[in-house]
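Listed below are the structures to be examined.
The following pair of complexes shares a single chain, chain A, combined with chain B in the former and chain C in the latter.
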Partner chain A sequence: MTSSFLLDGEEVPFTPGQTVMQAASAAGKYIPHLCWHPDFAAHGSCKLCTVKIGGGFATACTTRAAAGQDVENGTEELTAKRRTLLQLLFVEGNHFCPSCEKSGSCVLQASAYEVGMLSPHFDHFYPDRAVDASHPDVLLDFNRCIMCELCVRASREVDGKNVFALSGRGAKSHLIVNSESGRLADTDFAATDRAAEVCPVGVILRKRVGFAVPIGQRDYDARPISQRVVEKLADGEQEAG
Partner chain B sequence: MSSETLDAGMTPRKLKVATVSLAGCFGCHMSFLDIDERILPLLERVEFDRSPITDIKHCGPCDIGLIEGGVCNAENVHVLREFRANCKVLIALGACAVNGGLPAQRNHLELADILQQVYRTGHGLAEGSQIPNDPELPLPLNQVHAVHEVVRIDYFLPGCPPSGDAIWAFLTQLIKGRAPTLGHGLLQYD
Partner chain C sequence: MWTPSRQEEGVAVTNIESILERHAYEAHRLVQILRETQDALGWLAPETLTCIAHRLQIPRVQVESTANFYSFFHIRPLGEYRILFSDNITDRMLGNQALMQALCEKLWLEPGRVAEDGLVSVDTTSCTGMCDQGPALLANYRAITRLTPARIDEMAHLIRRRVPVGDWPPEWFHVEDNIRRRDVLLDHGLAPGEALAAALDRGPTGLLGEIERSALRGRGGAGFGSDIKWRSCRDAWGDAHYVICNADEGEPGTFKDRVLLSSDFDMVVDGMCIAGFAIGASKGFIYLRGEYRYLLDRLETRLAQRREAGLLGRDILGRGFTFDIEIHLGAGAYICGEESALIESLEGKPGKPRIRPPFPVTHGYLGQPTTVNNVETLALAALIAVRGGEWFRAIGTPASTGTKLLSVSGDVARPGIYEFPFGVSVAEVLEAAGATDTQAVTTAGAAGSCLAVSEFGRRIAFEDVPTGGSIMVFDQSRDMFEAARNFAHFFAHESCGFCTPCRVGTAVNARLMDKLALDRSSPYDLDEMERMHHLMQGASHCGLGNTATIALRDILAKFRPAFDRRLHSPDYEPGFDLDAALSQARRMTGRDDAGAHLTDNRSAHAGGHPSEAKP
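The block that comes next holds the complex of A and B.
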C-alpha cells in the first residue's frame, strides 16, 4: 500500500514504516542531514534534517511518514536554523578546510555551502584534540569529529568490531577508540572496514590517498550536495557519509 | 570571467576602500589582483586608502575595509580596531580572517613552547639563537583569533583564498548596495 504526504507542496509517496527522510530520499528529494545514512538506523542527533510538520519541528530521520502530512523543508526559516546548527558545529571543532584532505568531499562543508554559511558567527572553541596516526593504513583526526556516530554504527553493525564509541557528556563528549591503549593500532580495525569510509567529515582518513583527486575536482566541488545526493539516489548508488 | 559591470547609470562619488593583511599570507590580496582587467571598472568606482597598493600606513575614514588574516598579536588587534573605527563596512576576507585559518592551528600548543622550539631548540639554528625581544616587536597572543572575535564584522568572504571571481562578485554586489551572496563554486572554504 502506498500513501503520500506533501513535502514543500509536492506529493511524496511512502510505504508504511518509512520515515519522512527515507520516503523523501527514495523520491529524490534532498533534506539536509549529517548523522543519517540510508544503511543505518536513524540516530536523530545532528538535527540538521529538522523539518516542520503541521507547524511543529521534527527530525525527518526519526519521524514516521503519515498520509496527508504537510512537511516544510526548504523554507528560509529552516535554512536559517540549519545555518546556525552548522555554525555551532564548525566552532565546536577545529574545521580548517584548506588543510583537510576531505575538503570538497566533506558533507559538513557541503551542507554549509548549501545553506549559504559565510561565517562561523560564534566564537571558536579551538578545542585541544589529539590526532591518532598509529594505524598503518588509517589516520584519525579528532579535530573534525561532529559525533554523528556513523563510524560507531558501521563498526558495530556491519564490521562486527565495535572499534569506536562516544565518551563524555555535553561539551566534553568525544569519540574514543575501544582499545586498552586508546590507539587505533591496537584494535582489529582495517582500511577495508565499512567504518573506514562512512565518516562524513575528515576524521577517518585512509593514508597515502589524500590528494589522489585534487581539490576542486571532488564530489561537491562539481555540484552542490543537494544535486549530488539526488543524482546518487537516481543512480542507485550508496550515499557516501 | 564575469561580464557584469559596475555601471550604475550615473556617476556617484568614489568609495574609499582600505585593505590590510593581519596574520595572513597576502594570498587574499593576490587573489584580489586576480580580478585582472576588471580592476579598471573597479577603479572608476573606488579609490584605495590604506592598502599594500598605496603603502599608506594608517586607515582614514573609509566606506569599505577588507581584512585579510586572523589576529595573532597586539599590533593586529590595534590595526583591526583602527579599521573598525574608520570603515563603515568591514569585510573578513579569506579563511584566516573568518576562522583563524592556518595560523590558528597553533592554538592547542603552548605559545612559550612554540617560541622555544622556533628560536632556540629547532633544527638549523645558529648557536646562541634567542627568542627575539625588542620593544618594536608586537607581542604574540596566546591564541590566534578570527577577526569577528575582536571587532564587529559586517560581511564574510570565506576561501583560502577566495577566488578573484568570488571577490569580484562580492564587491560588485556590495558597491551596488546589495547584501552580497555567493552561489555554488564561488562559496568555497578551501
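The block that comes next holds the complex of A and C.
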C-alpha cells in the first residue's frame, strides 16, 4: 500500500518505514544532503537536509514519511539556512577548491553551488590538520573533513574493519584511524575498501590517479548536483566517489 | 616527558588487568574503565588504549574516541598535578582569573600548558557546581572551595614540595550545603525507606495514580510529566527495564542536586526504588557528574548500608521486590545531562545525543526501556508516595505543582539552596537571598533567559519563568557583556560536535564575542550573532544547540549598551589585526621597537594592546 505526502506542494508517494529523504529520492526529488547516503543508515549530523514539516524544522534523512505531511524543501528560508550551514563547514576546515583534486566531483563544493553560496562569509578557523600520506595507495587530507562519518560507517558496516572514527569534542572533533601510531599505513585499510570511495569531499584520495579526468569535465562541472543526484539514483549508480 | 621503565610497564599491565576484571571485560563500562585506569597510571597513553581495546575485543578507534571526548580524560601527559579552575561567570565574579594568574606565576606556567618538568598543569574547566562557595577548582579532580590568595600561595608550595593532593589541608576540600530555606521536600522528616514502604503498599498502579494526581513535572528543566514518562516506560516491551538518576548537574550556576545527594541521599534512593517498582525495573544507575567525585565513596557506603538494612538489593523490606543501584561517574561533559547522551556515556561511548525517536522510554540503556529522571524529581516522587498526589498538587501553581529547589549564587548576601513553592516571584527570591542593587538575573543557567529589573515581578513556574534551578544574580556593577561572553565560550567548549550548526555555530559566536572584547567590532557582528541564533535554534540536533544562544540573545537585547560601547566602527570591521599578527615574530626576535610595528595600524599606537596577548 502506498500513501503520499506533499513536498513543496507536489505529491510524493512513500512506503511505510521510508524517511522523507528516501521517498523524495525515489521520486526523483532532490533534498540537499552531505552525511546521508542511500546505502547507509541515516546519521542526521550535517543538517543540510533540514526541511520544514508542519511549521517545525526536521532533518529529512531521519524523519519518517507520513501520509498528509506538508514538507517544505526549496523555500528561500531553507536555502538560506543551508547556505549558512555550508559556509560554516567551509570556514571550519581548509578548503582550497582550485587546487583540490576532488574539485568538480566534491559534494560539498557542488552543494555550495546549488544553494548559491558565493563566499565563505565567516572568518576562517584555519585548523592545523596534518596530511597522512603513509599508506602506499591512499592519501588522507584531513583538511577537508566535514565529519559526515560516511567512511566510518562504510568501514564498519561494509568492510568490517573499523578503520575510522571521529574523536575529540566540539570544534576539536577530528577523524582518527585505527592504529596506535595514528597512521593509516598501520591499519588494515585497502584501496579496494568501500570506505575508500565513499568520502563526499577530498579527504580519502587514491594515489597516482589524481586529475585523470580534468577539472571542468567532472561529475558536477557540467550539471548541478540536484540533477546529477537524481539521475544517478534513477540509474542505480553509487552516489559519491 | 615521563616514560615508563620496563618494571613500571609490568605494573601498568597488572593494574589494567585488575580494573578490566572488576568490570567483567564489558565494553559498555569503558568510561569507568578509562577513569580507573587513568587514576592508576596518571594518563591514558597510546599503548594503554591499545591494551584496553585488545582485552575488551573492541576496535582501538572506539577506545580512543571515548578517551578523547571527555574533558577529564587525557591522552597526553598533563603532569602529576592537574589544576582546573572552575570558570563559571560566578567564579569570575569572585576573582578566579587573578587567582589562576597568581598560581601560574608562582609555578612559572602558562595556563593550558604543562610545566617543562612535567610536574603540573593549570587550566580552566566549566562550572564545578560550587557557585555558593567559589571561587573553586579541581586538584586532580578533587573539589577545593573558597579559594583565597593565601590558599593559592600555599598550594604552589605544596605542589613544588610534591605533597600528594590527599595530604593537602582537609578544610580546603570542605563543601557546604548552605541550605537557606526549607519547604516540604527539605523538611520531609521521613526515615530512610519510609517512602519506599508506602509505595510498596500502594502497588504499582496505585503509585502511578498518585504520581498522576500530583501532576509532578520533571525538575531537570524540560518539565515533562513524570507519570507519562513512567507509564510509557512500564508499557514498553523489553528484556529488562532501567531507572537512571540524572545527577550530571552541569548547568552553570546549579548545585541543588549536589546538596540533595549530600544531605538527602536516602530520599533520592527511595525515589529511584519507587520508580523501579513503578516501571518494573530491577536495576538503576546514578550518573554522577565527574565534578562531584568527592561524593562517590560516601554514596557507595550509604548504598552498602542500605543493602545491609534490607532497603536495597534482593527482597527489599522482605516484600519480594528486588532493585539495586550502581553509580557511574561522568568525566567532564555537560552534554551528558541530555538523556540520550547520558545513556551513550553509560554504554561506554562518547556522549553524543541519539536520533529521536525512538525515545529512551522504549529504547534506552542497551536498547531497553529506560526512564531517566532528575535527582530532585526522584526525591519528590518519594515524598508523593507518602503524602499522596492531592496533597502535592495543592502546593505551587496549577501548571507547576509542588516546590522547586533554587541554587542562588552571584551578587547576593546569602548564596545557597532555597526551596520555594512554584509561583514565587523572582523579586521574592532576591529578597530572601539578600540581593541589593540587582541589574539582572539568569534563570536557567547559560541556556535560558536573562531577566532585567522590570521583569522581577515574574513568577518561577513552567508557565512563566521556567528554570532547572540555576539563579545567578548580577548587581549594577557587573558588565553583562562579560556574562554573555562567558556563556558563549562555555557552549563552544561543551558542544559535542556532532551536528554542524552547534559545532561550528558555537565556535563562531565565541569568536565574535572575543572580537567585541577587543573593541574591534561593528554592528555587523551583532547581526551575525542574531543570524547564528536563528540557524542554531531549530537546525541543531539536540537541546544544547537549540538553547545555546538564548541567553546571549537575551542579554544582547536587554543590555545593548554593554555591547554598543565596544563597537569600534559603524561599518564592517575585520577581526584580523595586522600588527597583532606580528606579535609572535616580535617575541621570537626579542624586538619591540617602532620598526617592529606597523605604524599605520591603530594597535601600534595603543601600546600593549590586549590583542597582543591573544593568538
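In the analysis below, the second predicted complex is superposed on the first by the 240 of 241 C-alpha atoms of A that agree within 3 Å, B and C clash if a C-alpha of one lies under 4 Å from a C-alpha of the other, contacts with A are read in each partner's own complex, and residues count from 1 in each chain.
Please note the rule applied: a contact is a pair of C-beta atoms (placed from the backbone, for glycine too) under 8 Å apart; a residue touches a chain by one contact, two chains touch by 3 or more.
Quick caveat: nothing in here was measured; it's all calculated off a predicted structure.
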- Winner by number of chain A residues touched, once chain B and chain C are compared: C
- Check the residue A:G74 against both partner chains and state whether it touches chain B (first), chain C (second), both, or neither. neither
- Query: When the two structures are overlaid on chain A, which partner does A:F96 contact: first (chain B), second (chain C), both, or neither?
  - Reply: first
- Could you look at A:K172 and tell me whether it touches chain B, chain C, both or neither (first, second, both, neither)? second
- Task: Could you look at A:D123 and tell me whether it touches chain B, chain C, both or neither (first, second, both, neither)?
- Result: both
- Item | chain A positions touched by chain B in one structure and by chain C in the second | 123
- Query: Which chain A residues qualify as touching chain C in the complex?
  - Reply: 42, 44-48, 50, 56-57, 62, 81, 84-85, 88-89, 91-92, 122-123, 125, 146-147, 162-173, 176-181
- Query: Which residues of chain B touch chain A in the complex?
  - Reply: 92, 95, 98-102, 104-105, 107-108, 143, 145-146, 148-149, 153, 155-158, 160, 181-182, 184, 187-190
- Query: Can you name the residues of chain C that touch chain A in the complex?
  - Reply: 46-47, 49-50, 59-62, 64-65, 68-71, 333, 350, 355, 492-501, 503-508, 511, 528, 531, 535, 538-541, 575-576
- Message: Taking the touch rule as given, give the residues of chain A at its contact with chain B in the complex, in rising order.
- Response: 90, 94-100, 103-104, 109, 112-113, 116, 118-121, 123-124, 126-129, 215, 221, 223-224
